[in-house]
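Dropping the structures in below, format is structure tokens.
Look for subunit A in each of the two complexes below; its partner is subunit B in the first and subunit C in the second.
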Partner chain A sequence: MSVVIEQPNQPRSRKNAQWEKRAWIFMRISGAVLLVMILGHLMVNLVLPERGVKSIDFAFVAGKWADPFWQVYDGIMLWLALIHGTNGMRTLVNDYAEREWVRKTLNIALWSVAAILLILGTLVITTFDPCIDPDVENYLPGVCKP
Partner chain B sequence: METKEIGVIPSFTVTLMVRRFDPETDSEPKWQDFDVTMFGTDRVLDALHKIKWELDGSLTFRRSCAHGVCGSDAMRINGRNRLACKTLIKDLDITQPIYVEPIKGLKVEKDLVVDMEPFYQAYRDVKPFLIASDTPAAERLQSPEDRARFDDTTKCILCAACTTSCPVFWTDNQYFGPAAIVNAHRFIFDSRDEAAEVRLDILNDKEGVWRCRTTFNCTEACPRGIEVTKAIAEVKQAVLRGRR
Partner chain C sequence: MARRPAGTLYRGKIGMWSWVLHRITGVGIYFFLLVHIMDTALVRVSPEAYNSVMAVYKTPIVGVAEIGLVAAILFHGFNGIRVILIDFWSKGSKYQNLMFWIVLGIFVVLMAAWVPRQLMHTFGA
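Coming up: the complex of A and B.
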């Protein structure tokens, strides 16, 4: 009878090695960039307008997105924040989900939600039409020509 | 007049709550309390000895040198990982019971004894030995500055207090853990060693340095005062650079 000895020095799986490093770097860079961008975002939306938060309405948003600068700004913020947040949640799931199927299910759910939000958000920013609100003429004269 | 005996060393009674587990009879670990009379110079290890030698010989725990060098008696005392031989009872709150448990995240074999094998496996995996291609006739010289670079991480006694204080290790014992990274650091930053890149590649892994969440539990737990989290951060930086 032969005895089967378990491999004593079993090499660890080398899957996703570079991926974890890149994710770590991404979290640091996106975190630093978001810090600046979100403070700028709060400044422009809440502090600088005369009536503060009350000035945010359809026309305010329409006015911002008529400018390609704010389209790009909001687009970058959307992508960085969503991927940063989702990756943070992924690390939490990996830390706390002990069963493989729970971990997989949660991660798939997480990235699906993130993907849907990214597509929706990007569509809104890039295809935004201020003229669906007839009132917008009152705030932004000359934007919507019949 | 009240007579006071001269030369009597003041003593106190303290309750120890010990986490017991006998694999032959128990399905779950349970707490057992012991009242012991101890002195100001006694450590938790002395209390455990007193229990084992005078009250209950079945109490099982590891200890060898009993003076903080061998690293055998790391245990969870009042919720913190410490060496029983370096924890004076008088420094704990003796008005309350002292809780003594096995270190977390490794399988309990009996009472306070855990299976250290996964811990040692991670240690072996980082190649904790000098790797050099030449065979010099004399000793390998090193400047004091080069030696100072990794001085902190030479102090490790492999007691596992850091690794078993790490919340990531508690749920994922595939993670190399702080102790293995500390011992990799000891060779990665040694100017005489030639395999820094090999170890950095081993630790640039899903279960490597990127698993660290910088919670500083390991630094707090280390009975040798090693700045463990700092060492891990230095290894992360070295992985990014691709060299020491």
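Coming up: the complex of A and C.
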């Protein structure tokens, strides 16, 4: 199989170059923000609770998302992390997928998964209902039933 | 085969291996992120559904795997800061080697502080 290599002296289209530059800048800005946010996320969910990972259940999430701060925090983290991760995977696909149709298919798959999970995650955070279950008293004593 | 050029950041030695590790940890974190968004989405299904998937996180196997996840995140995150400094700091590429060892130092300190706790929670009462 022969690989077609672009003319090295042929500049990318202006639009394409702009897009790649913005993606490159996004990776650095989002990466720095994500490091801080994820360390905070791990701290609050895994380190500070007395029983560590064993503290996490529905009531724990409901307790956090009762505060809009954590809804916004988790929403920002969702968008930054998934776009950062998807763009990183795109870089790998572009590096290692040699056949054009494989590369295109994988990239379409990556961005489709990202779109679906961004919509799903955003809906879950914004429409979260701590009283979703009629027996929710078991999980959140005194919050759901008057 | 021609000899490889020495001193190129992404060929051979620490520059290359940190780059390889950055990619591998990135892929691992990416796939965990997909799973993590979906497991968290279960809070919208029912408390039972969410609690049952969280029970999996509390098993010894996943508890130990989580150490690998946090290790990947810490390396990827702090090495990412190193990458940013190489890109934007005028002396970044001069000190990239030293910065790698600083990244590793931060990694070791944070892991040493957290891993015993995680093991106690995972295997303790």
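A few points about this structure:
Keep in mind that, in the parts below, the second predicted complex is superposed on the first by the 119 of 146 C-alpha atoms of A that agree within 3 Å, B and C clash if a C-alpha of one lies under 4 Å from a C-alpha of the other, contacts with A are read in each partner's own complex, and residues count from 1 in each chain.
What we mean here is this: a contact is a pair of C-beta atoms (placed from the backbone, for glycine too) under 8 Å apart; a residue touches a chain by one contact, two chains touch by 3 or more.
Keep in mind that what you see is a predicted model, and the values were worked out from it rather than measured.
Residue by residue along subunit A, subunit B and subunit C are tallied for touches, and C comes out ahead. When the two structures are aligned on the shared chain, A:98 is found in touch with subunit B, with no touch to subunit C.
In the overlay built on the shared chain, the residue A:42 is in contact with subunit C alone; subunit B does not reach it. In the superposition on chain A, A:127 makes contact with subunit C only, while subunit B stays out of contact range.
Once the two complexes are laid over each other on the shared chain, residue contacts for A:23 go to subunit B alone; subunit C is not touched.
Of the two partner chains placed by the overlay, neither subunit B nor subunit C lies in contact with A:72.
In the superposition on chain A, A:119 contacts neither subunit B nor subunit C. Here subunit A touches subunit C in the complex through residues 28, 31-32, 34-35, 38-39, 42, 46-47, 51-54, 56-59, 61-62, 78, 81-82, 85-86, 88-89, 92, 113, 117, 120-121, 123-124, 127-129, 132-133, 136, 138-139, going by the rule given at the top.
Listed in rising order, the residues of subunit A touching subunit B in the complex are 9, 12-21, 23-25, 91, 94-96, 98.
Subunit C meets subunit A in the complex at residues 23, 26-27, 29-30, 33-34, 37-38, 40-41, 43-44, 46-48, 50-51, 54, 57-58, 63, 66, 70, 73, 77-78, 80-81, 83-84, 87-88, 114, 117-118, 120-122.
Put simply, subunit B touches subunit A in their complex at residues 121, 124-125, 167-168, 171-172, 174, 204-208, 210-211, 213, 236, 239-240.
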